[in-house]
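Given below, in the form of structure tokens, are the structures.
Both complexes below contain subunit A, partnered by subunit B and then by subunit C.
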Partner chain A sequence: MTLQLHPLQTEILFHLGPVPITSEVTTTWAIMAVLVAISWLAMRHAKVKGGWLQTVVEVAVEAIADQVEAILRVDPWKYLPLLATLFIYLVFANLSGMLPGVEAPTAHIETPAALALIVFFSVQFYGLRSQGLKAYAKRYLEPNPLLLPLNLVSQVTRSFSLMMRLFGNMMSHELVLAIILFLAGLFVPVPFMLLGILIGLIQAFIFTVLATVYIGGAVGGGEAG
Partner chain B sequence: MTIDWWTLLLQTVNFLLLVWLLQHFLYKPVRAVIEKRRALAERALTQAEATEKQATAAKADFEAKTAGLDEARKAELKQAHETAEAEAKKILADARQQADAIRAEAKRDAKESQAEAVAGVREDIVQTAVKMAGTILAKTGDGALNEVFLARLLDQIGNLSKEDRARIDGDIASGGAPEIATAAKLSRAEQGAWTKSLRAALKFTGAPRYSVDAALLGGAELRFPHATIRFAWSDQLKKAGEILQNSRGGAA
Partner chain C sequence: MTVDMLSIIGAALAVSVGAIGPAFAEGRAIAAAMEAIARQPEASGTISRTLFVGLAMIETMAIYCLVVALLLLYANPFTQ
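Presenting the complex of A and B:
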């Protein structure tokens, strides 16, 4: 396990031309490979009555779809690629920090920032697509045009808070683990690592639910405002 | 804190790429399987509904047929009942008719038997009465009655039709005196008186022959070869018996 005593710094593993490839990028690639491999293995011969892996995958996807539908009150499959991928990736990314020598990509600011940016633009995209430019733009003038700046700021700040919440929790957890390990020895951090599993799952859930709520607000109600 | 913009960009691209990959390898197949399963479920549901409809229709058809059968059975039962009732009535009527006929025949036979018995009894009574009267008359014969008998004979001679008188006159002319039969034997004086009176009435000259015929009971009979003049109680009794019998028979 590589001890990161400066968690805000990104470890560059190698360069692809001018592009530095950091550990969080490679970890993400690994996670992507694992997810694609599992998906392919589970669904390559998808049948109505599938095997255990297909069943597990289907149950997981359907559970996420049900959760999204419960929030959005619309057909979830239109939004599922983004939101389900967000949740699955976050679960894997958050829990990857439990593996020896692996840093959770979400413990560095770039990954939560990238996800928050994607959520921010997705909210605008889905809002524009569902309501049209005029109706969607009008929402920023409600309840009073004077509140336009505040509405714009709130759009940015909620995405910023999304990013910071995830980054802060994951980074602090890794930092605490590193400190305890450094101070107390090999087996003392185990309870904190178990707590880290819970934190990772909760953060994935919170990030996804908030993203869903934001999209839902843009698409229909405004309850996300 | 510094942000590595390259990493930010790479992570954004990585995530979007992951979205695309999972859309291709996970969500689409999962959705396809779910849709397939839903289609199968819907098809099964549709088939179940169709089967249920068929079953309901079959049940309704069966119930209708059962009701029809029941009605037909009731109708047949009713018809059979009516037929049996009519048959029973007919049999009863026939039996009554036969009974009436038998009763009428029996009544008629009884009446006939009764009439025959009554007639037999009556005949016996009449015969007995006639016999009794004949016996009484035969025992009561005397000279006075013989005179009455003679007088009745003379009356009859006087009342003869021309044809009867001519036939008797012819017999007298060819044969002489007639035969005189009486129920009781006449004395000589009576025979003389009778001969005298009859000669005067019939104009014959010879001596008549006198005979006794108990069957006459009373009275006399003048017998010629081709004619007879007769006054007898037996005839009177016979007539009286016939009259009596006829009158009783009519009354019966």
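Presenting the complex of A and C:
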């Protein structure tokens, strides 16, 4: 019996024309379908006194909005479509690894890279939209024009570390599970899987909080990133 | 020594040495946060949110070491 581990490789399921489709992409499609279905079912007949599903969705969205407002200190609803979608998708994606036969899409480097790119470009977009080109470009020259290269590099490296943090945590957890299962047997990995639920939730929270802090730093309202 | 053996030793060194600094740093951060919460329990929400973000920042250093070790073991550019 040998241990076959390839944490940096992806498995190609089938080809759609010239584009190879990996298992992470199909998992992401399934998560997107589930989220759209839940939102559609909850808000199809939205009433003031809604059913249980509408109440659950409203409580979740209000809680996320409160957290975002506590960080940004401005009206959160302008930024909530991006941030709340990030958080809810990440919770589902990180916890989908708990289902038998499903690999968490965030445990491979492509999905965190895509999410970090989305955050990178939306930080620039929100900064430009809220401050205008001149004021936003001036921020890169502060506190001293000599620091312009450092400011530019920090924009790139923090997005890179956002990607690496999510990927490293999720992937290393799956790797540890595989190694323990190989060494110890059937029921020993169960406590580590429980820890994995906690890790998945905390990583989703941290990714969203950091994206919020970066956006808050760009729009200039809240705690500096 | 072949390149394979050297990269295995390098991977073990990267993870073991790279875990020391973040472990000390996380311990200090958590101790400071505990003290702050004990002094001001009403500010525990803000403190724990900032603590989580800070811990994630510190932990990134250890994750970098892990990624370097995995690159050495599974995607080593010098062995293929």
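In the analysis below, the second predicted complex is superposed on the first by the 216 of 225 C-alpha atoms of A that agree within 3 Å, B and C clash if a C-alpha of one lies under 4 Å from a C-alpha of the other, contacts with A are read in each partner's own complex, and residues count from 1 in each chain.
In this section, contacts are C-beta pairs under 8 Å (C-beta built on N, C-alpha and C of every residue); 3 or more make two chains touch, one makes a residue touch a chain.
All of these numbers come straight from a predicted model, not from anything done at the bench.
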{"item": "Clash or fit (per the criteria above) of subunit B with subunit C on subunit A", "value": "fit"}
{"item": "Vertex subunit A angle, Cα centres of subunit C and subunit B, expressed to the nearest 10 degrees", "value": "110"}
{"item": "First (subunit B), second (subunit C), both or neither touched by A:V36", "value": "first"}
{"item": "Partner chain in contact with A:S172 - subunit B first, subunit C second, else both or neither", "value": "second"}
{"item": "Broader residue contact with subunit A after superposition on the shared chain, subunit B or subunit C", "value": "B"}
{"item": "Partner chain in contact with A:P145 - subunit B first, subunit C second, else both or neither", "value": "neither"}
{"item": "Partner chain in contact with A:T85 - subunit B first, subunit C second, else both or neither", "value": "first"}
{"item": "Partner chain in contact with A:V19 - subunit B first, subunit C second, else both or neither", "value": "first"}
{"item": "Touching partner for A:P191 - first (subunit B), second (subunit C), both, neither", "value": "neither"}
{"item": "Touching partner for A:G132 - first (subunit B), second (subunit C), both, neither", "value": "neither"}
{"item": "Partner chain in contact with A:V57 - subunit B first, subunit C second, else both or neither", "value": "first"}
{"item": "Minimal inter-chain CA distance - subunit C and subunit B, angstrom", "value": "5"}
{"item": "Shared subunit A contacts, counted only where both subunit B and subunit C touch the same residue", "value": "8-9"}
{"item": "Contact set on subunit A toward subunit C in their complex", "value": "5-9, 67, 70-71, 161, 164-165, 167-169, 172, 202, 205-206, 209-210, 213"}
{"item": "Residues of subunit A defined as touching subunit B within the complex", "value": "8-10, 18-22, 24-25, 28-29, 31-32, 35-36, 39-40, 42-43, 46-48, 50, 54, 57-58, 61-62, 77, 80-82, 84-86, 88-89, 105, 108-111, 113-115, 117-118"}
{"item": "Contact set on subunit B toward subunit A in their complex", "value": "1-4, 6-12, 14-23, 25-27, 29-34, 36-37, 40"}
{"item": "In the complex, subunit C residues that touch subunit A", "value": "45-46, 49, 52-53, 56, 59-60, 63-64, 66-67, 70-71, 74-75"}
